[in-house]
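In what follows, structures are represented as structure tokens.
Next come two complexes built around subunit A: one with subunit B, the other with subunit C.
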Partner chain A sequence: MASTSGRTGGIFAIGYVGVILLFLYVPILVMMLMAFNASPLYQLPFDFDLVWFKALAGNDQLLTAARNSVLIAIANTVIATTLGTLTALAFARYHFFGKSLLQILLIPPITIPWLITGTAMLIFFFWTGIGRGLHAILLGHVALSLPYVVIIVGSRLKSYGVALEEAAATLGANGWQTFWRVSAPLMAPGIVAAALFAFAISFDQFVISYFLAPVGVSTLPVEIYSAIRKGFTPEINAISTIIILASMAMMLAFARFSKFGGER
Partner chain B sequence: MTALVSASTRRLRAILGLTGGTYLVLLITILLPLAAMLYFSFLTVTPIGGRTASFTLKHYTDIFTKPLYRVNGQRSLMLGFQVTLICFALGYPAALFLARHIKNRWREALLLLIVLPFWSNGLVRTFSWTMVLTDSGLVGQALQAVWPGAPSIDLMFSYPAIVIGLVHAYLPYMILTCYVSLQAIDDSLAEAARSLGASSFTIFRRITLPLSLPGVVAGTVLIFVPVLGSFMEPRILGGQQAIMLGTLIENQFTASFNWPLGAALGFTMLAVVILIMGICYPVLKKHLSAN
Partner chain C sequence: MSVVGITKVAKRYGRVTALEDVSMTIADGEFFGLLGPSGGGKTTLLRSIAGFIDPDDGEISIDGKPVKNIPINKRDIGMMFQNYALFPHMTVTDNIGFGLSVRHRPKAEIEARVTELLRLVRLEGFGERKPRQLSGGQQQRIALARALATNPRVLLLDEPLGALDKKLREEMQFELKQIQRNVGITTVFVTHDQEEALTLSDRIAIMSEGKVLQIGAPRDIYERPRTRFAAGFLGTANFFEGTVSGREGGLTRILLAGGTAIFTRDEAPEGRSVTIAVRPEKFTVGGATPAPASDAQVNRIAGRIAGEVFAGNSVTYRIDAAGRIVTVYMQNRMTERLGPDAPVTLTWDPAHSIVLED
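Let's look at the complex of A and B:
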């Protein structure tokens, strides 16, 4: 195959993928560029100015929403990574009745459209008195993150098996020693990758937060959505630029820890 | 004997301790809410704020008889088909090229570039199209400069704008799932076919395409289901007149406070999702076990 397609085939292939990448990146780059344009109406010619980033520093509403988003993302990362890692450990170590049912229960949070889970949570939380607010949003984010944490940490656990732990036990290590000296270091890359993933899921989540945020409380995506709906200025481009760059940095870190997207 | 009993109790306690937290969260965020939603979908009014509700099937009969819901339901299904089909038409060749013609270092870099925007905020990416789909914007002006008399790209608040935004959002799914399937195909199969005199097109049609089908199906499910439930993209890019099943459901919860109707619409959508999953499950299982 390679001999007939040869070099020109490769160049054409890279060209085609390049066009796809243009489609994926041009809107994002244009959006980012317009954050640095002075005109409040996105008018051209382009006039470089940092006025929108400065305006951001004085926008208390956006800053509060940003702080909420970061706090929820951090809390979500800690809770989801802890609970998910424990569950992955249980799945890797024990065979028990109902295990496959528990594993199947991880599928709904990631396959049912967020619109349905979000409105279902709204109904249930309102009805039972759990209510809306940052605590409800956090609960929703943990539910969405947990399946991914269990899957990511679980695949790491599967890749080295139980042989090393058994060896440690044979050599006289007790349960805690085995865990801290053998299991934990081996699991660490999986846990870090899962934590990064959980943070990104929470920080980017809009739909669940939108339904669970009461009037006056919001996260960054909820705030951006209402700004887009009401009429926006390049300030939204400025905050979006920051979000995009932060998300991409996290994704690169995730790729490093999980070796995702490349070699097989 | 006592030692045996205590060992199995300890084991049970360990399993409960390790999995308890996760499933407590899933119980109060997914299982009970879905049960509550099902219950609400049979009520006459939202039983909150002192109102008393009684049992009714009215919302479901409305959904299946009133043209408003049928028309919007069909429109949402149509949108799902169109977005999925365009993602396949654009994404499959890209996956094929990445799996077959592009070598190691390039391949890694390009794959990373394809998934990178994918994990950045979907809302922000949808918003970014409002900067592009106008003639006075950077892209519109550049296009007019390079190609005077170029057709207008002023597509904001139209159906094509929704399709473009959704394809942009979900294309990486299709590329990734197809790539994974194509990558797993053994090269020696194609070589054997070639030595027996098969043309490149025959090899593609008889070997490559059928063997990569699980990836196509996985991509289709991963795209079709969220597009069916989309409401933010139609709202931002489609404007006021863009009514989809998703925006209809959102409306019941954020504007008209008719939660029972919203719940019934949500459950109807969920039934469609489960149906799609059920149909695709045998192929999906193959996809998962193959990789």
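Let's look at the complex of A and C:
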């Protein structure tokens, strides 16, 4: 009895996971396939062709937007990860006036809808003279991703406590040696995860970018959105395919790294 | 090796006094135990020696030189942490070699020293493992090896055996003492476990509420506790309160509240109220009608068995005598069992009646 119910349970679980994967991946797979289909109207039979990739190569507007997106995402990752890691370290290892207030203030930006944050930023940037543009978009993205970095790195720091750093000090290590030999390697999985998060938040970001992009400047999500409104072209499938493959490669690299660098 | 001097050290956290006027000298090569309940100040003192805590008053010195302005990493100490704090991302070899490596010692020297230490703690061949692949006892020995690697002047141990189970703890007590002897390093360790303190220490300081109550060899403190707290924390003690009512035959007579008189070798001025401590194993339990008082130099009080706890090799009796419950330990070699309510006589040598200071 037990084994039969175990088996049905197993089949059910596999089916359940299968359905989830189906819903997640089928649309993406269809889109990727259509990037290689010659028909602009998704007509079958499937006729393999790289025509949309060629068209993409000539579409300066889409390519510029993609380049903007990548540059902003990279800049955001570097800035937000650095600032966030240092903030998390300060929170975890030092006592200073106003610390708990700062820690509490870190949470609301995560829960405030991006639409509202975006509007507020637009008003504030206009009012202070920061204006709109790639610099404003970057500023917005950093502000959005910072809390995530602090929380992810902070939880990592909390998980191993101060004892290891104290041990390093008693063994004769100075602050620099302690950081590079003990703290940094232990923080690394947290930092990498936080960096991936920061990259994804920026690269996916539509609302804030849309609000802060002046006429003639756009990021990939904004450009795709306006392209769809004008009339969809399979070039978007092509660029999406490239992005999906790139991000999958990145995730695989992370999975490998975290297995090497992580412990427990 | 080295001498650690602690002179009038004090530390306060707001209104809480963590250390108050603490003074002691830890001799070269000595295994020195700080014993007390949690919150007694022993960990604060240990962390002050290490340099994690800066005392508000007083002076800590190593080999006569004050260490106040020496940062932790220059103090030349070895410390073993309560949960070992082994670096999880490094191998055992890298853990042990860490102290030499940050001092930029040559590779060959580090390698030789690590091999030597692995032999000392009997874990040869474990060098390439990660700490998580070791058992608790093995981790403990690696932590000890790491703390010893740089030949520090002083070894500090924070509850060294606290994280091990009972059987392993007994084994490691012996081993820890052996290693400390062989290396000959001045060692200060913190414990709340009286048995650990008794078996490991050359000398013990009993601490409570930030103050040192008594310092001495385990046997001296056990046999001659100065305060009620020391008597009760290190071992078990029975307390008798009474008033000094004169001296006879080289003994001081104490009159207890119920009118019973007991004797002690200690001297005390007549008329003073005193507390007497007697260890539970110092009593002899006899039948209701004791042998005629051939020897006047013996304390003798009558009582009744109120309870018994049988522990195999020994028996703990609770005896109702002189208006209180007296705890008595006896070896299990009586021929007949003392039943409940049986009338008995407790006798003990006046030398085992200790007059306390409080």
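Definition applied: the second predicted complex is superposed on the first by the 239 of 264 C-alpha atoms of A that agree within 3 Å, B and C clash if a C-alpha of one lies under 4 Å from a C-alpha of the other, contacts with A are read in each partner's own complex, and residues count from 1 in each chain.
What we mean here is this: contacts are C-beta pairs under 8 Å (C-beta built on N, C-alpha and C of every residue); 3 or more make two chains touch, one makes a residue touch a chain.
In this text the structure is predicted, and so the values were computed from the model without any measurement.
When both complexes are superposed on subunit A, subunit B and subunit C end up sitting side by side without clashing. Which of subunit B and subunit C touches more residues of subunit A is settled by the count: it is B. Of the two partner chains placed by the overlay, only subunit C lies in contact with A:177; subunit B stays clear of it.
Of the two partner chains placed around the shared chain by superposition, subunit C is the only one that A:185 touches, whereas subunit B remains out of contact.
Once the two complexes are laid over each other on the shared chain, residue contacts for A:38 go to neither subunit B nor subunit C. Chain centres taken from Cα atoms put the angle at subunit A, between subunit B and subunit C, at 90 degrees to the nearest 10. Applying the stated contact rule after C-alpha superposition, one finds that A:50 touches neither subunit B nor subunit C. Legend: residue contacts after superposition of the two complexes on their common chain; A:22 is shown touching neither subunit B nor subunit C. Between subunit B and subunit C, the smallest C-alpha to C-alpha distance in the superposed model amounts to 10 Å. Overlap of the subunit B and subunit C contact sets on subunit A: residues 261, 263-264. Of all residues in subunit B, those touching subunit A in their complex are 11-12, 14-15, 17-19, 21-23, 25-26, 28-34, 36-37, 40, 47-48, 90-91, 93-94, 97-98, 100-103, 106-108, 110-117, 119-125, 127-132, 136-139, 141, 168, 171-172, 175, 183, 187, 190-191, 194, 200, 225-226, 228-232, 235-236, 246, 249-250, 253-254, 259, 262-263, 266, 269-270, 273, 277.
Touching subunit A in their complex are the following residues of subunit C: 50-52, 72-79, 81, 83, 85-89, 98-99, 102-103, 130, 132, 146-147, 149-150, 156.
The touching residues of subunit A, when paired with subunit C in their complex, are 160, 163-164, 166-174, 177, 181-182, 185-186, 261, 263-264.
The part of subunit A that touches subunit B in the complex is made up of residues 1, 4-5, 9-10, 12-14, 16-17, 20-21, 23-28, 30-31, 33-34, 42-44, 46, 82-84, 86-87, 89-90, 94, 96, 102, 105-106, 108-109, 111-117, 119-127, 130, 139-140, 142-143, 146, 150, 200, 203-204, 206-207, 211, 221, 224-225, 228-229, 232, 236-237, 240, 243-244, 247-248, 250-252, 254-255, 260-264.
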